[in-house]
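Next, two complexes with chain A in common: one pairs it with chain B, the other with chain C.
Presenting the complex of A and B:
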């Protein structure tokens, strides 16, 4: 579908090495490569900057501590004291999405968060984990999550399916939001980049200026979406503790 | 040593002042498009789940259009519920 200079060319998966195992295609693709880079960047950045452990932090150490505090604050605000044990999970999720988006902002670099299967897998992990957590905390009583107290009894046959559908729609809205934002942003960038070359004389300068502004906006969105992903995870964990 | 500590204290005061100044207007940066996007994904997600359940039910019980119709309506209602919850969360933050 995507021709040689289509704006959608950037989302194509191309296998770097073909691997097949038990009938499944588990090739190492450019998407996996981007993920590998992301994990490497996160690990190296966090370990190297916090390595010195100075009381008066350097700028880089300050960034790491800022990120740590950001998520720790988020968890204690939304979940409370119970939230501390989910810090590693939420922090790695946040960093993976954030650095993945940022790595995608580098020209010629693949953005793996622009594929719905990646974001849906992340959201499904959150969804299944939170559901299991709810059952661990409340046992069979977790089903009262779908039962709204203080409603006339004849409304329940109507309300319970609505509540269940609303609950099941969580991973979809979580994944679609991240994926669509990255897809739309990167497509827009490439479309305007196409205008720069195709417009006559010097008028290509205007789309170029627009791209510069748009890149700044994209970096903001990259951060904002990672933040939204983290805060919604926190809210869902909170729901698993406090029904209603 | 004393001189250094004094400097640090002043710096701390400065940082605290700046932090207090900057805090209120951080959350108002969200654009209108982002807000609309948030709302629309909530509705679409609920509709997708509703229609999906409807199709599965139809397949299972051979009740061709009825399950789809009923669960489509449930999905739409769940979408409105989602939007209502998002709005309430935003209201709380203000």
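Presenting the complex of A and C:
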């Protein structure tokens, strides 16, 4: 596969300016640029639309409020009253992933959520935070999370390792889910875009039509994955409060 | 796959940490409190309006109750008045009937008296006529002039025979 035309070329990272700190390469890249755009879009949108603080909201303000209420509802449904203090974090996470995915849908724009290292870092923050939270709330009793009550005793040697493994694989499943969705969607778009060019005569309109439909689906997936990321975070936080 | 190339891992992690931390702190400290304030303000306004609506509704109910009371009162008063009027009319009618009865009785008795009187008068006239006729008859037959007194005496004595 020629690297120039590879559908995976869109995931390559290009440094915009080379920076080195303490021997580490921390170049500002197209990935960092996408993050910058994402953060700017979120902060500016959420700040400017609510600037007037009007009781009867403008359409834009209503969007901000809907997002706020959406995540607040999600948290209170899954975690309950305890969840309120994690609201800023879950909201930031949701918006970061959502707008990151959406920015990635802009043609020629880099999708930082399609990089496993980014999604894994986010998932790891959630995982570590939730684990610490579990120990803060329950102390050493948090280990009883792996013990399923009401199961015959001879099943425990089997079940406890399974529970531990499933717990430890949470950050992996959380990050790979998002990463793989983004990777697959964008690769598929690129592959079909290649068909549009390479197919003879006017038959290229068929893959083009497919791309149009797929773009709609990808936008849906962009939202859905951000939602899944947020709701799983909520569920993990809930687990840290309520052991089985 | 470019994702597995560790060349830019540190860079990605570094910038992710920078931007996500900034985003988190900014949303936590600036954006979300703003939205929360707006939502709270609106909720307060809604609650206020709801409570005032409830108050107004209560007032309306009170007024309605008052109106109903007034209507009932008016009905009762009207009923009373109607009853009173009917009673008064009935009394009036009975009074008039009794006065009519009295009048009629009086008239009947008057008429009876008059009849009796005229009967007497007629009887007297009859006596006078008898006297006159007797006088004329006796005068024609016998040329005797009889005085009225004498004739009256005779008639009185023979009266029983006439009847």
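The rule we apply is simple: the second predicted complex is superposed on the first by the 242 of 244 C-alpha atoms of A that agree within 3 Å, B and C clash if a C-alpha of one lies under 4 Å from a C-alpha of the other, contacts with A are read in each partner's own complex, and residues count from 1 in each chain.
Assume a contact is a pair of C-beta atoms (placed from the backbone, for glycine too) under 8 Å apart; a residue touches a chain by one contact, two chains touch by 3 or more.
Just so you know, these numbers come straight off a predicted model, no measurement behind them.
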item	value
Clash or fit (per the criteria above) of chain B with chain C on chain A	fit
Partner chain(s) touched by A:31 [first = chain B, second = chain C, both, neither]	second
Following superposition on chain A: angle at chain A, chain B versus chain C, Cα, nearest 10°	70
Dominant contact partner of chain A by residue count, chain C or chain B	C
A:68 touches, of chain B and chain C: first, second, both or neither?	second
Partner chain(s) touched by A:205 [first = chain B, second = chain C, both, neither]	neither
First (chain B), second (chain C), both or neither touched by A:8	second
Partner chain in contact with A:128 - chain B first, chain C second, else both or neither	neither
Which of chain B and chain C A:168 touches, first, second, both or neither	first
First (chain B), second (chain C), both or neither touched by A:114	second
Three-chain overlay, closest Cα atoms of chain B and chain C, distance in Å	12
Chain B/chain C common contact set on chain A	none
Chain C-facing residues of chain A, complex	8-9, 11-13, 15, 21, 24-29, 31-32, 35-36, 38-39, 42-43, 46-47, 50, 53-55, 57, 61, 64-65, 68-69, 87-89, 91-92, 95-96, 112, 114-118, 121-122, 179, 183
Complex contacts: residues of chain B adjacent to chain A	29-30, 34, 37-38, 41-42, 44-46, 48-50, 53, 71, 74-75, 77-79, 81-82, 85, 89
Touching residues on chain C, where the partner in the complex is chain A	1-5, 7-17, 19-20, 22-24, 26-28, 30-32, 34-39, 41-42, 45
Chain B-facing residues of chain A, complex	161-163, 165-166, 168-170, 172-173, 176-177, 180-181, 220-221, 224, 235
